[in-house]
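Sharing a structure with you now.
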Amino acid sequence: MTNTEKPVHLWFDELSTVEVAKFAQQGKVVIFPVGCVEEHGEHLPLCTDSIETEYVALEVARKTGCLVAPPFRYGIVNAGRNFPGSITIQFNTLFNVTKDILSELTRNGFNRIIILSGHAGTSHMVALRLAAQEIIHQNGEKNGKQHTRIMVLSDYDFAEELTEELANIKDGHAGTIETSRVMDIRPDLIKTKGIPSNYEMPRFEVVLHPEQYFPSGVHGDPTIATKEKGQKINIHVINQVIKLVQELEST
Amino acid sequence: MTNTEKPVHLWFDELSTVEVAKFAQQGKVVIFPVGCVEEHGEHLPLCTDSIETEYVALEVARKTGCLVAPPFRYGIVNAGRNFPGSITIQFNTLFNVTKDILSELTRNGFNRIIILSGHAGTSHMVALRLAAQEIIHQNGEKNGKQHTRIMVLSDYDFAEELTEELANIKDGHAGTIETSRVMDIRPDLIKTKGIPSNYEMPRFEVVLHPEQYFPSGVHGDPTIATKEKGQKINIHVINQVIKLVQELEST
Amino acid sequence: MTNTEKPVHLWFDELSTVEVAKFAQQGKVVIFPVGCVEEHGEHLPLCTDSIETEYVALEVARKTGCLVAPPFRYGIVNAGRNFPGSITIQFNTLFNVTKDILSELTRNGFNRIIILSGHAGTSHMVALRLAAQEIIHQNGEKNGKQHTRIMVLSDYDFAEELTEELANIKDGHAGTIETSRVMDIRPDLIKTKGIPSNYEMPRFEVVLHPEQYFPSGVHGDPTIATKEKGQKINIHVINQVIKLVQELEST
Amino acid sequence: MTNTEKPVHLWFDELSTVEVAKFAQQGKVVIFPVGCVEEHGEHLPLCTDSIETEYVALEVARKTGCLVAPPFRYGIVNAGRNFPGSITIQFNTLFNVTKDILSELTRNGFNRIIILSGHAGTSHMVALRLAAQEIIHQNGEKNGKQHTRIMVLSDYDFAEELTEELANIKDGHAGTIETSRVMDIRPDLIKTKGIPSNYEMPRFEVVLHPEQYFPSGVHGDPTIATKEKGQKINIHVINQVIKLVQELEST
Amino acid sequence: MTNTEKPVHLWFDELSTVEVAKFAQQGKVVIFPVGCVEEHGEHLPLCTDSIETEYVALEVARKTGCLVAPPFRYGIVNAGRNFPGSITIQFNTLFNVTKDILSELTRNGFNRIIILSGHAGTSHMVALRLAAQEIIHQNGEKNGKQHTRIMVLSDYDFAEELTEELANIKDGHAGTIETSRVMDIRPDLIKTKGIPSNYEMPRFEVVLHPEQYFPSGVHGDPTIATKEKGQKINIHVINQVIKLVQELEST
Amino acid sequence: MTNTEKPVHLWFDELSTVEVAKFAQQGKVVIFPVGCVEEHGEHLPLCTDSIETEYVALEVARKTGCLVAPPFRYGIVNAGRNFPGSITIQFNTLFNVTKDILSELTRNGFNRIIILSGHAGTSHMVALRLAAQEIIHQNGEKNGKQHTRIMVLSDYDFAEELTEELANIKDGHAGTIETSRVMDIRPDLIKTKGIPSNYEMPRFEVVLHPEQYFPSGVHGDPTIATKEKGQKINIHVINQVIKLVQELEST
């Protein structure tokens, strides 16, 4: 399968029905970016997860010729759900949105899909994976091979690979990595320098007020974030996702 | 209730948790734009409904100081659902996404909301209205007044008010009005001149292949669309939505 | 397909299992009447929508030899839902009742169905249409033709065609048209002369108390209603539905 | 609580909104008749269960002044579900229809309700009881007493009390009792003399084709049915239901 | 079909994946025991229904070579649901647990299944039967025969056949029969001698507090229970279930 | 809160209603063990996860006086779901079973609960956690403190803490740790010596046939397992869970 032609527009829905039909026949890979509306400390915007992942998706599309489906910018927020501005949706809602969109993409002939989530919460990722699994099962096999191939990942899975090199070990939510990435992507959205802090959630207990365990909403040190680090991380993530696209294109 | 301060960023999720908390206290109106991935003939992009409504929402926010929630760019497509590129989601999926987001906005203290849909399909609008109704009922009354106020509309409700002036009487989906609006908002997304046509769906019968009744996917005359008409329509729509924001701010 | 024999009884369920089997083989059209329990002013009964549509269905059956399924006399009431006596059911309930009944009718071999609703509320009609759509999709195609044909309409769609001739322009719920029809069908259920009035619901806002906008529960002028007008309307509606039956019988 | 005034019309929905409001204040009992579309041999109509129960409900209303809600003529058919003409609905559909209607009746102020089912299938009755139970739990207690009182029964529960006197011991579905009752209520719906037969379903196995175990669809002897027996049974059932109404009126 | 080899372990899940594969090919019958956590007077444990049915299942397996699936020890409790210690689950929960487990057993090749419930409540049994029915329908026919055979019963169906011989006529919940059985199976769980009593629930009314009608939670006379009676009953039940296994093995 | 009295029986449902009422008043902690029916190589039984966790729960109960609810021995199996004998249930089924049981335990007055799962799959654990979260939210706060406290964990969370000491680094499913534990708990269920192997699942792709990536169904080296290691691990796990019980008892 060869993707001979690159789309002029990277977003799936900026194409016309005629253009999409052509790319479906070419077997284009589609990236579906899933974001989140979630507190990220006083220094980062609520859309941090969304812009990271959409930026990566577009850069990957630019380089590989794949398409980017309209993003879904809402997710399941757990630890930060009670902070002002956080919006969390039900598990079944995320599952059904994802399932419906995957179902329609495959009905349209797009059978190579990457769900790229900016948010990496466990429930959130499970909802995405179970939706993908349902579609995989529904579409079944063709000529002895799995008919539809879907990858589900958070771009944070790749970003954190640079933690040791660029941040403190306990870096995480709204810390050095994430702050650096936003500095690279949308520096205008950096609000303040941020406050370094760490938190530990109860290991097993399910609590009503998780925010009591991390009043700052930050895990890591945003003050050592730099645009250069962000660039390095984003390039790394983009390159890793490009490899996934290439793997999907190869079969 | 006075909105004394305008946000620097118009998008809800470009704010930090601290900034959102402030605007919640000020009683800001929030516009939630709902788009669609739907064929719009060979001349317009699939995202036509999405970009119209997001453009309006942002302009209204710029002028009134209200906020714009992250858009949901998927909807229920009926007549055009079998065209390449169309993505239709289940009724209950749209209902639940909308309900969850409204529920979280009101939990955050935002009790004045406008759901602004680019798509105007009947099932689609009913799903949005029923979600709003459920939240209204859950939130109930406070001091003898309805606690939460939600308006649900398609921006096409206003756009079509200029049909007689700017288009043929039978203008509609992907016709003069819509083409003109896209010319004004995103001229780079105009693909071709478009083909004038009209169609009539069966009045009562529910059919498997509605696309057989309008092979062009167009209802109206895109060839007489102009950027100037588009500007006129968009300004009209923006002004009408501004009035709705003001009405919500007045109580 | 020819319907050579007229049933002695018009109601589907007044037949025996043996008789129904015969009519299924003949490809009889089935009308499924859906009513509503909804305030209709002080002058009309709550069952106004139900009796209108059942009367039409029976008359059509008498003339065409089609069958009438047992009616479902409950629907989704919106504007009048808080008036005493109104009974509104959930969207998914109406959807599932309709889907189950359609599913069983087609399993029995009845593949030409008209859902005839007395109530014309938007949510109500969408629930009926989506149920029909699901069955259409499940039953799919046979020999390249849609296997099951289902029409969904409100008999008010036809009745209002005589508004200009017989009523004021702003006639609607419990107005001249509806009052005249009940005068013709069940004069014993006319309670009072009725009070002429008109109302305007908020155009976009979803409200807790829609009844505050039309305290009379009437839209139009019941005082100019007459039995003769009712007869004229009912005959018109019946004739139009007969045409639909004939269209379904023709394929 | 006294029911001082008898309604002119017995059907709940033949009243106007004004009339219903008055009867709600008087604490009227409401009977909700639930029927079924189910084969009843070659001699009885599919609506046998529906007409029995509606007849009883109306007679009880005539004598006690209670009201009869619009019937729901569909139910869960098990053993006879594959016979031509049988229509069976999903368990959750029956549950939700019943719950919605009960919920609205109690919202309207009617807190004394009898669900009177013509059909007595186990799943069918469980769906009705669970719906009643959910409403009972939702409405809870008032002044230390259960706020809403709901009785759920099949009129066959009373009819079969006369089996020993009027029929063979193994009388049941479409047998002497049921045939006699229809002879009394709607003699025009008696199709043939009927064929006496008995059947035994597998005691524990859940089978795909229960109709293989009773090809006649009859359990009992319809040939010894008479109008006089039917009258006797119907009067007995009516009197028993009147006692239930009186018991509900007494608190 | 011959079951040539008896498993060393009777519990399905005490086998390894390799062992189960072998027994699936042999067409082994699987018994799925369903219990309950329900008050059984002051003299019997909450697990009474569970231990009765698991004991029977294991004895039957020992003698026939069939397998016993891991038990589900929760059910739908109605009359005793408000007593301390009773745990009742939702109708749909029991339905779905049962459906999922049956679905997986048949996917594994086990197409002869007995659901053996210790609890005999009507809703409880309907949930089990409907789950079985759904699987039967999904699996359909193979070579003109029902592909999957499932029996659904309460072991009390057999136990009560000895009521006349061993107990008072009005014996039932936690009475002579049940107490005797526990004396035979787990004498260490007999707490006290028990208090003979009988109760009558309202025949038709659905009540909030059913426990008011039987404060003792006992229906029958536990004081005349003996280990010998228990042994007799248990052997009877075991023999009857063995016959069912043999019937399933015979086809 | 002091637990002054130890129950004679450790299983919740081996108590009578009277005994449970007493322990509810004492504020006893309840452990709810959740197992799984899942392949564990050719050397271990399908119930490996179930017996590990039930053994731990009973030992903890013996030492602390807490109670053990009847186990639920079914779970969500992912990687091993297609091996013979594996039984996987739907996400919503596990969620609802858990929610219903937690809901009833808290209604009974047991507000300190540990969900102890033998299986540690991600979807499986998320279903358990979300069920706990829903109950926590429903029960809310009392005197400014979270009314109900629920901990959710897999006993493997503790067992794997000894991996470095007792096994190879890449030990996991059916490896040294698990095999050793079963040797300690139920040596009669050890089938063979087992085959050391390791596998790597695709990092991101959701696949139809995960079993292709680990044909042995084993991750680790079962051949170096010993009863002594198992004892050491089990004691460690038991001691850690005892600490959790004590933490719950302390508030």
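Labels A, B, C, D, E and F are assigned to the chains in the order they are written; within every chain, residues are numbered from 1.
Everything that follows uses one rule, which is that a residue touches a chain if its C-beta (ideal position, glycine included) is under 8 Å from a C-beta of that chain, and two chains touch if they have at least 3 such contacts.
What you see is a predicted model, and the numbers here were worked out from it, not measured in a lab.
Looking at chain B and chain E, not one chain touches each of them.
Taking each chain's centre as the average of its CA atoms, chain D and chain E sit 32 Å apart. Centre-to-centre, using mean CA coordinates, chain E is 25 Å away from chain F.
Distance between chain centres (mean CA atoms), chain C to chain F: 56 Å.
Among all residues of chain F, those that touch two or more other chains are 92.
Order of chains round the closed ring, starting at chain E and going on to chain F, comes out as E, F, A, B, C, D.
Only residues 91-92, 114, 122-123, 125-126, 129-130, 132-133, 136-137, 140-141, 146, 149-153, 157, 203-209, 244 of chain A touch chain F when the two sit together in their complex. Chain E contributes residues 9, 11-21, 24, 35, 37, 39-47, 50, 70-74, 83-90, 92-93, 96-97, 100-101, 104-105, 108-109, 189, 191, 217 to its touches with chain F in the complex.
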